[in-house]
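Okay, so chain A shows up in both of these, paired with chain B first and chain C after.
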Partner chain A sequence: MKTKQKHLPLLALLLATPFLGNAQGILGGHVTGNIQLDGQISHADSVIGAADVPEKLLMNARADILYTNGNFSAGLRFEAYQNPMLGFNSKYQGQGIANYFAAYNGDKLSVTMGNFYEQFGSGMILRAYEDRYLGVDNSLLGLNVTLRPIEGVTLKALAGKQRYYWEYGNGIVRGIDGEVNFNSIIKSMAESKFRLTMGAGFVSKYEPDQTISYTGNSAFRLKLPLNVGAGAIRADINYGNWSLQAEYAHKGQDPSIMNEFIYREGDALMLNATYSQKGFSANLQAKRVDNMSFKSVRTESGEMLYINYIPAITKQHTYAFLSMYPYATQTTGEMGLQADVMYKIKKETLLGGKYGTDIHLNGAIITGIDTNRIGGDGTLGYTSDWFKTGDLYYADASLEVAKKLSSKLKLTCTYGYQIFNPIVEGHEGNLHHNHILVGDLTWKIDKKNVLRFEAEWMGSDSKYDKNIDDKRCGDWIMGLVEYNFTSAWFVSVSDQYAYRDGVGNYYNISVGYNHGATRLQLGYGKQREGLLCIGGVCRQVPASNGLTFSLTTSF
Partner chain B sequence: MKTFKIISFFIASLFLLASCDKIESDENGNYVVFSGATGTWYDSDVELPAIQRAMVEKYTGVRCTNCPAADNVIHTALDKYDDKLIAIAVHSGRFGEPLNNEADLRTEDGTAWFEYFGIVSQPAAMVNRGRSGNSWDLFTPTSGFDDRIDAIVNQDANVSMQIISAGEENGKYNVRIYLDYKDVVSSGQTLTVLVTEDDIHTTQRGQNTEYTDYAQNHVLRQVVTDTWGMEVSSDGMPGTKRMVMLSFELREECIPQNCHLVAFVSNKETREIINAAECVLQ
Partner chain C sequence: MKKIVLSMVFMAIATLAMAQNATLPQNITIKALDGTSVQTSALQNDGKPMIISFWATWCKPCNRELNTIKEVYEEWQEETGVKLVAISIDDARSANRVKPHVDGNGWEYEVYLDQNQDFKRAMNVVNVPHTFVINGKGEIVWQHTSFVEGSEEELLEVVKKAAAETAE
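And then the complex of A and B:
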């Protein structure tokens, strides 16, 4: 069993500092925290491809503890993976203090020492974040300083190494960012409807040289850049009901396993325009990404050690079939457009009825970028016409209509159409074209009892093929009944069944209990293998068959 | 003022951070460095155009009164044939003895060739160390010799060559030589790599005159390989591509920016030059 306790003495010192320096700090400070425990018992199931789990029981647990005293705070996170649940990297196996920090947060100055999370702009050159459900933690261990010399001006500087499971990556990440809100620093603009914020950042990573053979000739190795820089500029403009966010990022030569060790420089552009007024909003997003995978270790291909994050512009669906084919952002190259319109039909109209009707229309299309290959590793790799698109990766359109039928009944109906190219998940095969229908009826029986019914159908032109083994293929139906009673308990029963050209019957039952900040949930059923994606970042979830339980609480 | 200082500090930090590395590619567009042992032959993926070059090898000296005239003829030929003709000037023999206590431009390797090829008068020249019957095809290059050059450069190359000066590292220059076999070469081959230097100013005797500041060009300064070259490791079959890297210290008296690297592949038995290549020393 791996136990990580080397940071404990340091942590104890950090926590003790306020007590040693000022006895009154003991009384003035307070401790908060949260605990999460997830467990899984899974048995083999040859139909869905679930493997037997030798340990019988798998468990992920974590506890965040935060001590705050005035401007000072310190915290730690204990994590235990005994052993990691299915789908989480086995390198997490072990337990110990995964995260610790001490911070000062003043009006003009904030300093964090230890592990910290940070983001510059939309994250295209730096986003240190964690997502426990994805098993991603790109926290930096080092120093993070934020200055606010005058109102409306924020300057950030940081340096550190990224977490790599229970260790830290070799690369050193250094970054600086500045943001100016012109409405704050120019008095004449203070009350203006025109709001302008601009920012710029630069991130550099250093990694020692290493021998990476040139596949074209064994006599040569790649001449590696030890310092790789990425810079970005951004603007946030608002005028009345209109807003526009724009960010452009550029990255220097960064040969890595992610881009097959080519020397082409990378760039990315994000545009986001919104119009909103009462009862109506429209949003249009566009992006182009070319060779923007940016990791602090050039040979790391997994989910860890990303310095940056390329925002997703596809809708994060919540219904099961709509989210069966999530889109994973292609950091090596993609172009995309998304349009999103929400409209509320007013009450007391023909279509609005007594309570009004919400209409939500969304569409997105993502393609590859046009590339002309000029070589493999050790070369520029390819050239690309900036305005030409490559293969279609993903497209979806959905229309959601939500209507309150009475004071107790609410119906939401959704139609979705998706085109999915399996190449984005590294598979060959034809495009999948899916039609999806969802009906969601919520019945508020009384103040403490709610019953929800959900019915879904998906028709697809994909057929299950043993050689490819994509268990999402085929036509599906699903039903779900969820009952919340006494405001504390809930029980849910669902089943997904591939009735044509597919395989699998995935039933689930779960029971939960909420009390204050504590939630306990117990589930039994089958989980289909696939991708779990949050914000375009995904992890592979293997099939499982058995019991899951979860406990979360905060104090 | 305090705010100004803080912002200045951040801007200065920005420039400091901005010093990210920019890697330059080599002539083939590859971002690679040699990682093997020098002098070892490797397979190559570099395809070369089938250019057949000729090398004129002039045996000369500062006391040779007809040599300036030969220099003019060779200069004219170089203008005409451009990169298809390579010239080296081998200062050698008694005519090569320095004047006025100036630097001796003769070399041990040049002297070895001078003696081997049996040079008895200067200027004397050979193109690709060719033969005329049973003798070396030596001639006096004070008049045109285009026919000898044409006979070579108008042929298809059996072996294409490229020489790349791959920079200086720890006082040593790296040089890479690529061979691309276009046709069968059944004999064994040797590779010779040498350094020439331009613009060496010396006294030079001429016809009824003595030049006090004569610019000597293409002067053989050192042979990087053995005098008679190193063995080429190749099966000599069409499609075979080989490369080798050599590392050497440049003679102290040489001015690097005036130097060129010359490489030629010879028939191991006959010593006839099969093809040659040249590049600027970098």
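And then the complex of A and C:
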């Protein structure tokens, strides 16, 4: 069992700081925090892919405690994984103080020492972030300074090492970023309909040299760049109902396990255009990513130590079958387009009826980039025609119609179509073509009692194959009934069943209680990993088979 | 031993500090939908109550909450002077979709982006939706996570109480 306590004296000092510096402020300070406890008592089930758990009980726990006194704040986070829940890396095994920081947030200056999270622009060159449900914490341990010398100007500088489970990665990450809002700094533009913000950032990582043999031949080694730089520029333009966001990033030579140690430089472009007015909006996104995996340790292939973040531009679906094949960005190279239209048919019209009707249309297509191979590791890797697309990775289209039928009934119907290429999850195979239908009916019986019904169907041309063992294949049906007594209590029962060409029967019953910022939930059954929205909240859940419990509270 | 000292320091702070309602954290940077940076100290409603709701475009219960309140928002404003501030925790993946989402739904709320989730962390938000009521003095007087139809009535009661306190 690992226990991390070496930072405790530092913490005590850190917490004592407000007493020393601002003694009269003690009574004005506040302690807040949140606690989370998740556990599962799981038994193995090869059919749904739940692993055998010799210790029977798996548990993740976490507590954040935050002390705030005026502009000063300090916090620490305790984490315990005894043992880590399914879906979490076994390197999390252990317990201790995972994160700690002290920060000053003034009008013109903010300084954080310790663990911090930061993002430059949309994060294409730097994003230190966490997702507690996915077990990702890329926080930087170091120093982060933000200056706001005049209104409309923000300057950031940081340096640190990235968290790697219970340790820190070997690489040092350093970055600077500046952003200017022209409407704030140019007086004549203050009231203008034309709003303009521009920014630029630069990030450099340093990593000591190491021996990486060339094409596996130990007689030769690669000459590795010890410092790798990445820069990005961005603009956010708004004019009345129109808005445009653009960001371009470029990265120097960065041979790593992610790009199989090639020396090609990387780049990425993201464009986003929106027209919107009350009751109508249209949004178009485009992106091209080429060799942009940027990690602070060149030999790390897992989910940790990413310095940057290249988001998927596909819609994040919430219904079970629509989100069964989530698309993950291929940081090594992809091109994508996404379009989204929302329209509200007005009340008291033929199609709108008494309450109006909401229509939501979305589509996305993602492909690989064109590549012409030059060589393997130690070479520039490949050349690429910027405008030419590669293989189809993913495409989807969905239409959602939501309508309030009466003061008590609300119906949402969704149709979705998806094409999924298993290559994005690293295995060969035919494309999956899926049709999905969802009906979601909410019945507000009275002020305190609410029933919700959900029915889903997925028809797919994929068939379950033991050798590939993709448990999502085949045709599925699903039903869910959820009963809420005020926002305090809920019970939900659901079942997902593969009725043709697939395997699996995921039945689940959940009971929950909410009071203020406290939530307790118990579940029994088989659970697929993914985004789960029941009992009035949404969260990511791991795969499980058996009893699960979850407690969260904020204070 | 160190552990004991640390816990004592904590207990001391906790006892002294928890006597009062927590206030909104100041000087955390969030972004308006036109890209302008805004400090959380600017979240004010002239001494009247304020609802702060953390949400995301992909969160169905959040959308149900904000759509439900939309139907009664004007009445609430007339009755209590309340203002609803919606803080989107969408990350780079969907942050660009927040503005079209808000307009497409016809929401009249003040909406900000908390992409780096600094505000979310400072407010100890774990799951969305998570809704706070702030009284006229800027104190957090109520919070709740989760939404189902009908629970907006409970929220209104809290807002009314906060408005009445302020009027005294």
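By our rule, the second predicted complex is superposed on the first by the 531 of 555 C-alpha atoms of A that agree within 3 Å, B and C clash if a C-alpha of one lies under 4 Å from a C-alpha of the other, contacts with A are read in each partner's own complex, and residues count from 1 in each chain.
One rule holds in what follows: a residue touches a chain if its C-beta (ideal position, glycine included) is under 8 Å from a C-beta of that chain, and two chains touch if they have at least 3 such contacts.
Nothing here was measured: the structure is a model prediction, and the numbers come from that model.
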- Check the residue A:Thr357 against both partner chains and state whether it touches chain B (first), chain C (second), both, or neither. neither
Tell me the contact category for A:Ala219 with respect to chain B and chain C: first, second, both or neither. first
One more residue to check, A:Leu380. First (chain B), second (chain C), both or neither?
first
(Q) I'd like to know which partner A:Asn508 touches here: chain B for first, chain C for second, both or neither. (A) neither
Larger residue footprint on chain A, choosing between chain B and chain C, goes to C
* Applying the touch criterion given at the start, work out whether A:Gln521 contacts chain B, chain C, both or neither, answering first, second, both or neither. => neither
Go through the superposed model and pick first if A:His30 touches only chain B, second if only chain C, both, or neither.
second
Per the touch rule above, chain A residues touching chain C in the complex are 5, 8-9, 11-12, 15-16, 26-34, 36, 64-71, 73, 105-107, 110, 117-119, 122-123, 127, 129, 132, 146, 148, 152, 154, 179, 181, 183-184, 195, 197, 236, 238, 243, 245, 272, 274, 276-283, 285, 309, 311-313, 315-318, 340, 342-344, 358, 360, 410, 442, 444, 446-450, 484, 486-487, 490, 514, 516-519, 531, 533, 535-539, 552, 554-555
In their shared complex, chain A is touched by residues of chain B numbered 2-3, 6-7, 10, 13-14, 17-23, 25, 29-36, 40, 42-45, 243, 245
The residues of chain A that touch chain B in their complex are 147, 149-150, 153, 155, 157, 174-176, 178, 202-204, 211, 213-214, 216-229, 231, 252-253, 255, 263, 374-375, 378-380
The residues of chain C that touch chain A in their complex are 2-3, 5-6, 9-10, 13-14, 16-20, 22-23, 25-29, 34-37, 39, 56-62, 64, 91-97, 99-106, 115-118, 121-130, 142-151, 153-154
